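Encoded as structure tokens, here's the structure I'll be asking about.
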Amino acid sequence: MNVAIDIFTIVAISAGAVFFMAGTVGLLRFPDSFTRLHALTKADNLGLGLIVLGLLPQASGLLGALKLVAVWVLVQLAGATVAQLIAHALRRKGPPT
Amino acid sequence: MTEFLLAAAGFVLLTVAVGLLRVLGGPGNVDRTMAAQLLGTGGIAALLLVAAATGVRGAEDVALGLALLAAFAAVALTNSAAPPEGRDPE
Amino acid sequence: MLAMALALATTGGGYLLVLAVIVPVIGMLLSLVVGGRHAERIAFALMPAGLGLALAIAIEVWVTGQPLVYILGGWPPPLGIALRADGFSAVMLVTAALVIAAAGYFARGGFATPPGVAEKRAPLAFWTLLQGLWAALAVVFLGGDLFNLYVALELLTFAAVPLVCLDGRPETLAAALRYLLFALFGSVLYLLGAALLYGTYGTLDIVLLADRTAAEPLVAPAVGFAAGLMTAGLLAKTALFPLHLWLPPAHANAPPPASAVLSALVVKASFFLIVRLWFDVMPGLASAAVTTLLAALGAAAILFGSVLALRQARLKLLIAYSTVAQIGYLFLMFPLAIGGHPWSAEAWSGGVMQTLSHAFAKAAMFLAAGVVYEQLGHDRIAELRGIGRAMPMAIFAFGLGGLSLMGLPPSGGFAAKWLLMQASVESGQWAWAVVMLVGGLLAGGYVYRVVAPALDRATVALKAPASRRREAVALALALGAVLLGFAPPEFFDLLQIGRPVAMAALR
Amino acid sequence: MSVIQALDIGLALLVLAVAGWTIAAREAFASVVGYVAYGLLLSLVWVRLFAVDVALTEAAIGSGVTGVLLISAVVRLRKTEAPAAAERPGVVLRALAAALCTVVAAALAAVVLLMPDPGATLAPEAGQHLGELGVGNPITAVLIAYRSFDTMLEKVVLILAVIGVWSLASDGNWGGVAGPRRGARPEGALAFLAQLLPPLGIVVAIHIVWVGANEPGGAFQGGAILAAMALIVLMARLTEAPEIRRRWLRLALIAGPAVFLVVGIAGFAIPGSFLAYPAGWAKPLILLIEAFMTLSIAATLPMLVIGPPDRPPS
Amino acid sequence: MSAAILAGLTGAALVGLGLYGLLTDPHPLRKILAFNILGSGVFLLFGIIARKGAAAGFAADPVPQAMVITGIVVAFSATALAVTLLLRLFQETRRATLEPDAPAKTPDAGVDG
């Protein structure tokens, strides 16, 4: 049972780490701010989600798990807002560079 | 398990560091603001992993605090960049 | 060990120390909440109480012949914090209470809330900050813990800086910002030193640190480095040459009552902590090289500050540069008063006397300059001819203050410089005596530059009606500086109570 | 080298790189963003140092609230950068400064390496009295009991800072409101965030204050999070800051130190010592003080960020 | 090398960096930033001292940690006051310089009373 849980954790966290890497690759390779913004907010948030998922079984009790989920929800919320705000700001500034 | 979690934290931190180099270079202020967002997400992930590995109590609360404030830099920028009426018209 | 045990338990009358701190704190908080003209009323109601407390502390120290101690919260150091008052703290507290009361009385009217107005900016800020500054000074003089003293230094900074730019003129804003940056730089260095001391000795209590540094004088390189950092930080706050750059614009541009308090008390607070550090915490580390360096900087400050004061075109800048010079005298006590030599006690008394007499003299001169500025609308020295008739008391106050700065009898400045000179002759360190003589002559020069034309028979056009009350406040302070010259021997005994070397004999 | 060592070294290098960026970046805005990132990384370092209370404070104040303050300032000061850059000292002076700073840093590093390990500590003494105080978090015990005098004075520092900031208002605006006028159309997304975040933030803040007695957390951290929530509501212009002449605002500012003083003075009478807690009453009194300190900090920090009033009172 | 030593070395380097910025950068806002970096370096040194003081079942000495919390709050208020002063100075002069040149030439300009 324990081994199964650990394997789940390892798989989820590894997948999360891969998404973080993908996000960074996107930041490096994408040509303009809009697309970079996508790479940043989408990929990284998914990566964090997977890491939180992987850590859930390791969490100490219900409160700990709840906090982990709350962290993820909050980052989602922040990511969505920031993407909106930055996109707005970019559009106000004129054509993307 | 501990080693794995730490390695994962190190990996995430590394990707964040590389991304940070990219966004801090600009070209514009808006791009740079993404640095805060990048660290907000990646830093929280690394923090959670490190905390799980080293068994530091209360680290989730730090992550919660960081998550609550994750949008602040971008909000502060867009808020000051758009000059509302009544402030110095710069 | 007797002294150790005494320093870690509350003594009779110790509660006075707590009251001396919390009375102005309560006044500041209340003034902010009640607001309006009540802020001024509260400040005035509490000033006599503060003076009474300071006097009670001084009397208690004098009568018992021992420092007063209060252990806060019943948690003895090293875990908790102690407040302590020795002779030096007691006289500084009394001086602070007197100067603040005088500055406050002077500021009446200038910082009044006019009838029909609920609250005005400058008055509310002035009266709350003045009380905050008073509380900060009390903690600096009484604090027995280096971190507690860090908080006190920050309190002092936050109260002093906004006072500089209360009138909002651009040059005062720049002066305030520069002052703030210097002060922050000073506190962060001080804090760094404190961190290293804690890491080495596991306590920040002054008495415990003194005991531990005495037991193992150079236990780690950290200690010498820490002392250097803390001293550098405090020197920046004291504005000792060459770290004086911030002082003249800040002191010269602040409103007169603020200038008086800043130059009389605020720079003395960080000086007081340098004395604490080198005489109480680590006397073993105060080698001849260290004390000579401090005194050499002091000597440079005396000469440099006096010469610049001679060349200023504005009265308030002249007084500010004179502060740079007079701060220099304070540091001459270091090579003379350290250790248990026969002349050390004299030099110690001389240093303390210089601190006190400069406080009274300089506050008097800044207030006198404030009167001049108010009535002429400017303070250009070239256009002061004949003002002696228009405002005789102010010019008399300026002259008496100058007398003390020059070190002429009868004045506190004379007593201070006489004691220091005597000590330098007895110890064979003649150079300091020569510097003091030259400094006195230069001081004579810059005081003469102001007083001589002022006494001229010329008529001046006044912009504002004379305020005899304000002139009288300045004169009273100047008389205080003169009266110090008549201090009885008992007063000098009080200054010696708690002097580290004197206490070492008790152990 | 173990994994954790590699991680620590990597983290340290990253912190230094971002700090170096903050100092060296050509544009001030880049420097400020670097500083925000730096604050975030520092909280990670604090977790590694087993200082979760500090990590919380750094996350909320050092990075979050300070970030808002600096970013809004740097945007307004953009035009001053070029003239200031012209005043930059010459190469020789900078090299001298660099040499001096290197010497200081090297000496400090040497001192750190030479310090005894295990070093001097008050941990046993601090732990000894936790039972009688009824709290489990030794840092709370230090802040609200052993060294409560410092904590009280530090709150007074904050109040003086508020007075100092307010005193920079123009005379006509005294008593009025700071910050942008309400009604400027907020971005939809921002308004959404500002409505959703505060309820969650308040829950988190209360949690952090409440567990602070036994776990990492406490008044400063909780208060700072509440302050951040207030700031986001203000930035989204959902509401306006209170006029600074309001009595309730001023009461909130001083509530923390006032309760401290009341408890402290009561201590003269009952246990017989200023700021001492009577036996058996320590924990409720500590919680009472923490509650009011939280309120005060939550009121003070936004006031410091939004600056002096720039509109006359209504 | 332990995490504490590493943090201590980082702290020392940060002190050096902050000091350099404070001394050489002419822009007040950058000076304020440098002051904050200098301060955080000092706090990290407190952190390593706390960590070396691990004893009696605590992972670190709580006393220096509590001091850091106090220090962070004080550093924030200092930053806020300095930034407000700077913004006000900019509002009055359209400049952000501490060099006392232009305004100081006319000491009496704009004095009311």
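Each chain carries a letter (A, B, C, D and E) given by its place in the written order, and its residues are counted from 1.
Just so we're on the same page, a contact is a pair of C-beta atoms (placed from the backbone, for glycine too) under 8 Å apart; a residue touches a chain by one contact, two chains touch by 3 or more.
The structure presented is a predicted model; accordingly, all values stated were derived computationally and were not measured.
Contacts with subunit A and subunit E are shared by D.
The minimum number of touch steps separating subunit A from subunit C is 2. Put simply, the chain nearest the middle, going by average C-alpha positions, is E.
More C-beta pairs touch across one of D-E and B-D than the other; that pair is D-E. Between the Cα centres of subunit A and subunit D there is a gap of 27 Å. In terms of their C-alpha centroids, the spacing between subunit C and subunit E amounts to 25 Å.
Mean C-alpha position of subunit A lies 11 Å from that of subunit B.
With centres defined as mean CA coordinates, subunit E is found 22 Å away from subunit B.
Within subunit A, the positions touching two or more other chains are listed as 70, 74, 77-78, 81, 85, 88.
Residue positions 4, 48, 50, 53, 76, 79, 108, 115-116, 119-122, 126, 146-147, 150, 154, 157, 161, 164, 168, 187, 190, 193, 197, 200, 204 of subunit D are each in touch with at least two other chains. Those residues of subunit B in touch with two or more other chains are numbered 33, 40, 61, 64, 68, 71, 75, 77-78, 81, 88. This structure has the following touching chain pairs: A-B, A-D, B-D, C-D, C-E, D-E.
Of all residues in subunit E, those touching subunit C in their complex are 15, 22, 28, 31-32, 35, 38-39, 42, 45-46, 48-49, 52-53, 63-64, 67, 70-71, 74, 77-78, 81-82, 85-86, 88-89, 92-93, 97-98, 100, 103-104, 107-108, 110-113.
If you check the complex, the residues on subunit B that touch subunit D are 3, 6-7, 9-10, 13-14, 17, 20, 24, 26, 29, 32-33, 35-36, 39-40, 43, 46-47, 50-51, 53-54, 56-59, 61-62, 64-66, 68-69, 71-73, 75-81, 84-88, 90.
Of all residues in subunit A, only 70, 74, 77-78, 80-81, 84-85, 88 touch subunit D in the complex they form.
Contact residues of subunit C toward subunit D in the complex are 10, 15, 18, 22, 25-26, 28-29, 32-33, 35, 70-75, 78-81, 118-122, 124-125, 128-129, 132, 135, 139, 147-148, 151-152, 154-155, 158-159, 161-162, 165-166, 168, 173, 192, 196, 198-203, 220-222, 225.
Against subunit A, the residues of subunit B that register as touching in their complex are 1, 4-5, 8, 11-12, 15-16, 18-19, 22-23, 27-28, 30-31, 33-34, 37-38, 40-42, 44-45, 48-49, 52, 60-61, 63-64, 67-68, 70-71, 74-75, 77-78, 81-82.
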